[in-house]
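There are two complexes below, and they share subunit A, which is joined by subunit B in the first and by subunit C in the second.
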Partner chain A sequence: MAAMEVRLPVARKLVGQDLARGSGRDLVAPGDTITTDTGYMRGHGTYMGEEKLVASVAGAVERVNKLICVKALKTRYNGEVGDIVVGRITEVQQKRWKVETNSRLDSVLLLSSMNLPGGELRRRSAEDELAMRDYLQEGDLISAEVQSVFSDGAVSLHTRSLKYGKLGQGVLVQVSPSLVKRQKTHFHDLPCGASVILGNNGFIWIYPTPEQKDEEAGGFITNLEPVSLGDREVISRLRNCIMALVTQKLMLYDTSILYCYEASLSHQIKDILKPEVMEEIVLETRQRLLELEG
Partner chain B sequence: MRGSRSKALHDRALVNCQYSMATFSTGERKRRPHGDRKSSEMTLHLKQTFEAAILTQLYPRSQIDIYVQILQADGGNYCACVNAATLAVIDAGIPMQDYVCASSAGFVEDTALADLNYVEEAAGGPQVALALLPKSDQIALLEMNARLHEDHLECVLDAATAACRAVHAVLDQVVRDHVREVATLLGE
Partner chain C sequence: MKETPLSNCEKRFLLRAIEERKRLDGRQSYDYRNVRVSFGTDYGCCVVELGKTRVLGQVSCELVAPKPNRATEGILFFNLELSPMASPAFELGRQSELLVKLNRLLERCLRNSKCIDTESLCVVAGEKVWQIRVDLHLLNHDGNIIDAASIAAIVALCHFRRPDISVQGEEITVYTPEERDPVPLSIHHMPICVSFAFFKQGTYLLVDPSEREERVMDGLLVIAMNKHHEICTIQSSGGIMLLKDQVLRCSKITGVKVAEITELIQKALENDRKVRKEGGKCGFAESIPNQKITAFKMERAPVDANDVEEQAEEIIMKADPPLDVFAKPILWTPGTAQIGEGVENSWGELEESERGEEEDDDNDPDTLEDPKMEMEDVSIVSKTKKDDTIVLSDSEEEEVVILKPEKVPKKTRTPTSSKQENSSKKVSNKKRKKKRVSY
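Right after this comes the complex of A and B.
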């Protein structure tokens, strides 16, 4: 019989306890008074209580001129126009799909704000409405861009580009939106042989790099060919690396993921999830990123 | 919004609580089907407490779920639930007026006792549960399960308040340490 590995729970080490002395940022907890000066404007994460500005979430205080906000460490996704998101269809309605995007309210994808399969450009007819479930049905994953944000914070999406559309085979990782770094592009073909979509909403899609790019017209044909073992191993390793980066609270972007992937190569894929291995590879990643910055 | 959409409130978020006890949480093993009287009462109390503290008006037409389960009932179930849920709500980044800290208090032989354990609760004396917003000194919930002479109420409440403040100090320290750690790691 194979020997089984046994691990005992130990107290978690607090990281960065001594580093924190240097950082001059104001950290507050709910109920803390930020200022008694009435000349400031109330931003997110604060409220007015008896002539003073009080924090309502735990996090870092941010000041922009007269505006004071508190940014919580972990929140749901707040949509912004132009963001790339990955979402899951939860409901098919008249002329629209409801999409779960980790925001407070369900997002919508209107039938009129997507490309028809085949790239036809015309007004959407009643037949299109009836065929909506053929395009996207409940449980499908899509990548999309935020078209507009309603007054109540709900998000309207569009997929009017060949980049966006239905997602085929791959792995979804859900992380906190605050860990995804905002960048010029959120679609990356990593040199290790897989591609990732880093959704601004904290949904990350890892998939095998498609062979030909222009093939997917409108993005509603999903490739159901078996994925090779090598590709699947790369995808699993990337997934575990992302989990490691998230546990150690390192921002996610192409370079950090790639460095972490390279640091993990000396370990077996399943071992990456062990706390001490996570710590080791993320430390190495951090080091390399610091060297890169110079 | 999950479940029936008719429950959604157009001007604020709905706070949805669920309290349950594991079968093995008490000395004798007992199946507790959903909706027994004690659990539904506790559920209601939790809901009232958190509706008072969470700034629900910021998120119309949404829902906040708070699910708690007692794994070991050693007394002060309500208070433990409130304190745990407060930390969970803060961790989730949901805006609150202040922490909600809770403590129970009792009165035995002319002495006020704070934070009763299971034996003290089972003894059957008067018992008070207090949920406090410590910074603003507001009471989110106050419940008493037996008769207590008016003259003694003040000292019992004082004991409960002091215990709530002690809990607040502990929770605040934990939150601050966590925020500092994460902020450093994320640091720009």
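Right after this comes the complex of A and C.
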């Protein structure tokens, strides 16, 4: 484009601090005292220092009966059994793959936890081991579920259902894991024309909705047909909306993403990334979500 | 912390761009990034910036006993440190392969080339010699550490002044800087390293790779040369096969680049010397404040604006002509006239917030209105009039339209061109009386 837009830096005013929020939410920084009452049990993100409970991470204090823990805003992913994650293969080793999932240690995907093409169930043989690279290579993206967590915190994944497996064409958005809301299902087909996988580890995968559910593939055959322009625009818009929600620290789930998408339709896709537009559409999204709660 | 792996898309994009002779920052294949040298208040302290890669160099000296097999030579000690400040991939205290490789290369370049006269560092043969220690710290890693480090090392050495000494028999007197001016080191020549990155099995070559380019390169060739075209060190890593004429071509390019960089270094040293002689202020405090974000000062970004006029004309020609303006005012009475008809009163109905309008002014002024779009707007507007829920809030802004979800898919499926969307907003700006659609 010939016309260029020039923006000058200026101190931004904070928007709407008066919005209805969960009242009495305590935010702490590392080193802040949470309580001097010794009757509480300490959970994650806290430590006992000189007769008082001190926070070790920056986040919100959560209290369940006698347990106090601090949920950090920006953190690495801590695996829980049953979580859906989106990860990238970093290494191919003997009988297993190492997957990067934004956690402290690389996650592990064992060959025996991977479903073979066609969905057959059999013992993995030496040929399977040699053919590992045909299934997944370094740099491939996969969706998987957490099977178990090792004692050192490393996570073991499995793709034993046909809805998991290698991911094809789409857009990956990396956010902090604490912004992804825990829900019953993390695979959503949005009515605006794209599908999204909200990984609990903060990796969000946006892809065009597949035409028919092909059960045969089992997640290995990547569809490399060109995606239409309309679908690509929807996916770009969704990605920018998710970035807007992340900047304004709103929880990510299918309803919030959908409302944000609808609020952004009046703007051009590239304008959504401007700070003032972000504030506007997220404000609208917040209001709609508040109404929804009633 | 382990480095985040590069996605396949990024790797492919970088390699394809290199095949088309394009680099991410707009440089040509043989272009260097901007080199900036700034000095501290102490002698021997400097910061070298190669693009965004920054290296801090500090030289210090000490009187020690010489090595037994080299009794009349001074000792040179080089140390490069990769601090976690430079990149999250660097961990404190861990001897990584990269660190060892860089240190060895620097030593070979500066020590084996005999650029510093070590004989002149001898004070009393066999007993006391000067030990010169060069400490380099990497402050920011944006590719090509070795070039920046070698420039920092040689600049710091040239800038350094050691205390003056006199020997009377067995007595050695070390003069402080106040008593006698410190003496510069005797430097024969200035070797500078130049790095070449190879891609696609040696087919494509780039000088001064940035951090992204380093991640996808096949191999690296480093040539250290001085301005007299003498090669001090040459090293090839990565296991690529290079042809003889490729290496010769690289050495010719190195000669040119080293001449430029040496000239720049000489100028910087000269400037600093002048400032110190005149007693002016020197040091980092002078050079660093210019880099504040509120200083409204930026490096010149290379933007290709040669064909702006032609593109602008093209856009104007392709766009539809603007709406006819109603030029005939109807005069009611002297002092009251009416232009145009206007539409019915839209007060009391829902309108979009003020904010939405303000941003529209920032939009591209080149796009023009489309009369067809207006008609569409009006028809859809009439459908959504009374069904929407009205939300009253205390805010000063005007109310927000809330649409039922069923209405939305109709609009989103139609591929909207940017011109049409822009025009709907432009229309709303210029003719406020008409009700706007909040799509």
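The definition used in the following text is that the second predicted complex is superposed on the first by the 281 of 294 C-alpha atoms of A that agree within 3 Å, B and C clash if a C-alpha of one lies under 4 Å from a C-alpha of the other, contacts with A are read in each partner's own complex, and residues count from 1 in each chain.
Just so it is clear, a contact is a pair of C-beta atoms (placed from the backbone, for glycine too) under 8 Å apart; a residue touches a chain by one contact, two chains touch by 3 or more.
Not measured: the values here are computed from a predicted model.
Enquirer: Using the superposition on subunit A, tell me whether subunit B and subunit C clash or fit.
Expert: clash
Enquirer: Given the touch rule stated above, what does A:67 touch, subunit B (first), subunit C (second), both, or neither?
Expert: Neither partner.
Enquirer: Taking the superposition on A as described, I'd like to know which of subunit B and subunit C A:41 touches: first, second, both or neither.
Expert: neither
Enquirer: Going by the contact rule set out at the top, does A:131 touch subunit B (first), subunit C (second), both, or neither?
Expert: A:131 contacts neither subunit B nor subunit C.
Enquirer: For A:288, decide between first (touching subunit B), second (touching subunit C), both and neither.
Expert: After superposing on A, A:288 lies in contact with subunit C but is clear of subunit B.
Enquirer: One more residue to check, A:81. First (subunit B), second (subunit C), both or neither?
Expert: In the superposed model, A:81 contacts neither subunit B nor subunit C.
Enquirer: May I ask you to decide whether A:27 touches subunit B, subunit C, both, or neither, giving the answer as first, second, both or neither?
Expert: A:27 contacts subunit B only, not subunit C.
Enquirer: Indicate the residue numbers of subunit A shared between its subunit B interface and its subunit C interface, in ascending order.
Expert: 106
Enquirer: State the interface residues of subunit A toward subunit B in the complex, per the touch definition above.
Expert: Residues of subunit A touching subunit B: 14-17, 19-20, 23, 25, 27, 29-32, 45, 47, 49, 54, 56-60, 72-76, 104-106, 152-153, 178-179, 248-251.
Enquirer: Within their complex, state which residues of subunit C touch subunit A.
Expert: By the definition above, subunit C touches subunit A via 2, 4-8, 11, 293-294, 296, 303, 305, 307-309, 311-312, 315, 352-353, 355-356, 359, 362, 364-366, 391, 393, 400, 402-403, 405, 408-409, 411-413, 415, 418, 421-422, 425, 438-439.
Enquirer: Could you list, by residue number, the parts of subunit B that touch subunit A in their complex?
Expert: That would be residues 1, 55, 59-62, 90-99, 133-136, 172, 175-187 of subunit B.
Enquirer: In their shared complex, at which residues does subunit A touch subunit C?
Expert: Contact set of subunit A toward subunit C: 1-5, 8-9, 88, 90, 100, 106, 138-141, 172, 191-193, 229-230, 233-234, 262, 265-268, 271, 274, 276-277, 280, 284, 287-288, 291.
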